[in-house]
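Report on the structure given below.
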Amino acid sequence: MRPVEIGLDGLLCLLLLVLAWKALRAPHLYQSAIYFIALGLVMALAWVRLAAPDVALAEAAIGTGLLGVLLIDSLRVFARDSKTDPDAESEEPPPGEINVYPAGSARPSGRTLPMILVTASCGLLAILLVEAIIELPDGGGLTAAAQENLERSGVDHPVTAVLLNYRGYDTWLEVGVLLLAMLGIFCAGGRVGFAETRQSNPPGHLLSWLIRALAPLMILAAAYLLWLGKLAPGGAFQSGVILGSAGILLRLAGFQVISRLPPLAVKLGLLLGFGVFLIFGGAALLTGRAFLEYPEARAGELILLVETAAAVSIGFTIFAFFAYLNSRDQPEAQENHAREEGGNQKP
Amino acid sequence: MIAGIETHQIYAVTAGLLFCMSLGGLFLCGHFFKKIIATKILGTAVFLLFISLGKRNAMEFADPVPQAMVITGIVVAVSAGAFALALARRIWRETGQSTFEDKP
Amino acid sequence: MTPADAATIVFCLAGAVFFLAGTVGLLRFPDIFSRLHALTKADNLGLGLIVIGLVFQAESIAGAFKLLLIWGLALAAGSNTCYAIGRYALERLPEKGPKEVEK
Amino acid sequence: MCFLLPARLRAPTGLAVAAVTAAAAVALAWQVAVDGMIRHNLGGWDAPLGIGLYADGLSCVFLVLTGVVGLLVSVYARSFFSLPEEQEGATKLFWPLWLILWGALNGMFLSADLFNLYVTIEVVGLAAVALTVLSGRPPALVAGLRYLLAAIAGSMAYLMGVALIYGSVSALDLQVVAQSIEGGSSLRVAFGLMIAGLLVKTAVFPLHFWLPSAHSSAQAPVSAILSALVVKASFYLILRLWVDVFDGSVTVAAGQALGALGAAAVLWGSYQALRQRRLKLMVAHSTVGQIGYMFLLFPLITLAHQGGADAPWLIHAWTGGIYQALAHGLAKAAMFLAVGVFVLAVGSDDREATVDLVGRLPMTTFALALAGVSLIGLPPSGGFVAKWMLLKATFTSGQWWWAPVILIGSFLTAGYVFMVLRQAFAPTKTPIQLKPVPRAMEVTALLLGAAAILIGFRAEEVLFLLDVEAPFQEAVEAEEGGGL
Amino acid sequence: MDTFYVALAIFLVLNVAASLIRVIRGPTAADRLMTAQLFGTTGVALLLLLAEASGQPAFRNVALIFALLAILIVICFVQTTGSAAGPGNREA
């Protein structure tokens, strides 16, 4: 390998480590979030360097489309609810950096011992782990096996073949995990169903024009990636995330999409991917094949169908994550908090 | 000597370091938000190792099996992260508590 | 080296220069508005030049179109960011007008 | 076959699905007992590319345990969640979450693929946390977040180990991996990471920090599920990895280390349980202690392995540990359910408040007593069989140093169980007003308690099922040849 | 030609690393967001360069997604600061 490439890889890895370190040690949550988003970007570059385009696509979509937005949205909650007045001349500390338990810097004094212990054991683990990694043999992997069976899988792109055919069971469970997380978020929020957004300032002209132009473009891109998944990097998950991001965009722009939908439609949207998998799996069992086994001749079409359902469902769920968290809080909870907080939150 | 290093080796070692760093961060960071970020980095480290091991095939694309597993893993990690954020936000709203230590 | 390659190199290098200028500006300029100014340069021109450079290497019309589309999207997002940041800075830091110098 | 991941359903449907699931588990176990090990390749792809499901004796024992406990807890939960007191929060999500959890547990017991196991333990973890925070009360929320972060860290450590294994043998199927493992430091680290991650999820001392708060702040049926089933799932996985995958590479030292953790857990958990004033916290700490017993199995089977595959104590240790898992699962579910009835009736969780209940809630008190007997390990309960076998194995293998731990743990357990019972029997001059409790809740608690005792009598059937594809065939045959 | 792309990529990564200093120094949230914006743009450029260097046009889609979705974070930020901006803008 050429030295210049080693230089690039080394630099990227160094940047990864530095960003991770800063994200964990930054004095303010807001900085942490920005470092983390930057980390996602560098990770996408790393995936490109490692020739893993599918993962790069997923990372790019999820990192910017969902995770970054969720984190920043959460920051708003953490920052707003602390009693520091955001309107006060806010250079020090700036808005968005209020609150904030300065984790990592000022620590209660009694915790030095555990800190040393943790640091030491992590160091030890690092040595063991790196040694183990270096010792791993070269070569190996299942590339050849995946390629060999590609003809029988109904698609031309090996990653899609693994996701939807060879290891379709995992993907089915993965769609299930999304559904489960949605249920969990319902539990955490204490209510089932979606409220209106608490959208505050209507976007400016430029922005709203842009949103109108971008949302269809995103849906187009989602469809493109979905179709692409059959022969090249792309596929249900990436497409679903972009679809979800389009929803998030509309929501941010103040369109009340999900809270106006009838609950049944919401449930159907959440269940669609999971259900279609189940139906196919069951049908395969009934026709004497193994669970989730596709008939070889029609595998391509069936996979596309399942993928579409999965993408729609993934997009819907991801959108629902955000919509639920972004919706208006119950007023009584806030009052409660305000009352309690008078005594002890002020730093 | 330097020319003998392969891309995947660099990233694999980085993954190991990243893993340990975020594990330490998970224990040492106080604020829920940072703990959640630490779990995300933890996941990233694991995925990085998977893919860099998949790159040993020295082909045009990395091994598809780890790629597929990592995509599944990313979905699972994101779901768990969103759930954790939702919990942390609810706790903060209800009690004003943002770390495990302080008892309001 | 083909002429296309030469053009690529020239444009990409020019783009890199703008990125450098943007970074230096971001680091060295004293107040938020001039930093914003530097940033927009890097954003629009740096990426634009690199995209133009790469268009010479595109294998098809569609590929070139995609590159330009990426640039267009980045432009749209970038201009909005700068607009938002500017508005935010004006609203939030009113007594520190565009001219005022921090520190 | 049971692919039992049911959808969003309300109580009656949920109950019906629960019954079907339990029946399917029993049917599968029967089939395995008659026909031997079953393997099913999902999607029609064989290992190493595809994912396999397979059922042997070990997985069936756990499947049936989950089925029995799950069905009874479902009946209990149906009454519990129709109570007006328990309507707050998102309780109507109990059924979908619980059924998903159950399905994931089954999926985990059947899965034969390392990565698929990761996905299932993640589903189990997320569903368990969601159930914990179901009530939406702040203590439960905090406990839930702690649990969730611990669970994520644990499963990530596990996944890191999987990555290392994939890196060295390019396979994920348990059997394929087991055949191609050769040892070496990367495998040792992988093994260590996987076991450590799972230990967090099993809440073995000193990684139990999340368990007491989570298990005690959840609602009664949820606590029962968490304590009886969810921690067993990761125990099962450790066992599976230990005997099936890393069979050749485990060392005596590793076994002793796990045993030491288990011993510490027995002492610490039982001692803490003795000190708690709140009933649910007591039962939760008792879980920490009882889990410790299960881990005593590891040093015993490991040494046995070194000393030859037909060591006579091997089968005792093996069945003893698994019996402990079964007996604890049943007894602890009974205990949490019974305590749930107490709390509901008295309206308080304080140990001192639950006085004079024996005459008025006789069934529940009896259930608690039965569960306690099994936890202590008095004959003829299931707990007795487990502890007796473990004791026998410690002496025959010469590792006598575990024996005092087992005995002291039993004494401590007896201490807290009797303390509760004494209160329940204690007469008071001014009897407190009890709230009415649905009959079904009392009956299910009693049935579980009775089951914990009864498996003490039905040891042969369980052992027979366990023998299917058991890892220690030679020892089993030697034992059968020699007579019990 | 590949070497040229990789070298240029190194240069841009160095740029990104240098601009990190601005995130550390701040001082306002807007400064940090500005840096994030520069990160994003440089990232897109880097992705395009690396896609060219590896000869895999498929990677261009990654850049496309980045460019497409970057706007979300911006809008979210505007909302974040907006919701605290003053009584006039408070949630209705």
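Per-chain numbering from 1; labels A, B, C, D and E assigned in written order.
Simple rule for what comes next: contacts are C-beta pairs under 8 Å (C-beta built on N, C-alpha and C of every residue); 3 or more make two chains touch, one makes a residue touch a chain.
Keep in mind the model is a prediction, meaning the values are calculated, not measured.
Visitor: Specify the chain most distant from chain D by Cα centroid.
Guide: Relative to chain D, the chain whose C-alpha centre sits farthest away is C.
Visitor: Select, from all pairs of chains, the pair with the highest number of C-beta pairs in contact.
Guide: The chain pair sharing the largest number of C-beta contacts is A-B.
Visitor: Need the CA-centroid distance for the pair chain B / chain D, whole Å please.
Guide: Centre separation, chain B to chain D: 29 Å.
Visitor: Calculate how many whole Å lie between the centre of chain A and the centre of chain B, each centre taken as the average of the chain's C-alpha atoms.
Guide: 12
Visitor: In whole angstrom, what separates the CA-based centres of chain B and chain C?
Guide: Result: the chain centres lie 31 Å from each other.
Visitor: Where the centres are mean C-alpha positions, what is the separation of chain B from chain E, in Å?
Guide: Between these chains, centre-to-centre, one finds 21 Å.
Visitor: Which chain E residues reach two or more other chains?
Guide: 27-28, 30, 33, 35, 40, 56, 64, 68, 70-71, 75, 77-78, 81, 85
Visitor: Hunt down the residues of chain A that sit against at least two other chains at once, touch-wise.
Guide: 2, 5, 47, 49, 51, 53, 75, 91, 95, 129, 132-133, 136, 140-142, 146, 162, 166-167, 170, 174, 177, 180-181, 184, 188-190, 207, 210, 214, 217
Visitor: For chain D, give me the residues that contact two or more of the other chains.
Guide: 49, 115, 119, 122, 126, 129-130, 133, 136, 141, 144, 160, 164, 167, in rising order.
Visitor: Check the chains against each other and report every pair that touches.
Guide: Here the touching pairs of chains are A-B, A-C, A-D, A-E, B-D, C-E.
Visitor: Using the touch definition from the top, list the residues of chain A that touch chain D in their complex.
Guide: 128-129, 131-133, 135-137, 140-142, 145-146, 149, 162, 165-170, 173-174, 176-177, 180-181, 183-184, 186-192, 267, 271, 274-275, 278, 281, 285, 289-294
Visitor: In their shared complex, at which residues does chain C touch chain A?
Guide: Within the complex, chain C contacts chain A at residues 73, 76, 79-80, 83-84, 87, 92-93, 95.
Visitor: In their shared complex, at which residues does chain D touch chain B?
Guide: Touch list, chain D to chain B: 49, 115, 118-119, 122, 125-126, 129-130, 133, 136, 138, 141-142, 144-146, 148-149, 152-153, 156-157, 159-160, 163-164, 166-167.
Visitor: List the residues on chain A that touch chain B in their complex, please.
Guide: 1-3, 5-6, 9-10, 13, 16-17, 20-21, 23-25, 29, 32-33, 36, 39, 43, 46-47, 49-55, 58-59, 62, 66-67, 70-71, 74-75, 77-78, 81, 99-101, 103-104, 107-108, 114-115, 118-119, 122-123, 125-126, 129-130, 132-134, 136, 138-143, 146, 158-159, 161-163, 166-167, 170-171, 174, 177-178, 180-181, 184-185, 188-190, 237, 314, 321, 324-325, 329, 333-334, 336-337, 340-341, 344-345
Visitor: Looking at the complex, which residues from chain B come into contact with chain A?
Guide: Contacts found on chain B: 2-3, 5-25, 27-31, 33-34, 37-38, 40-41, 44, 47-49, 51-57, 59-72, 74-76, 78-83, 85-90, 92-96, 98-99, 101, 104.
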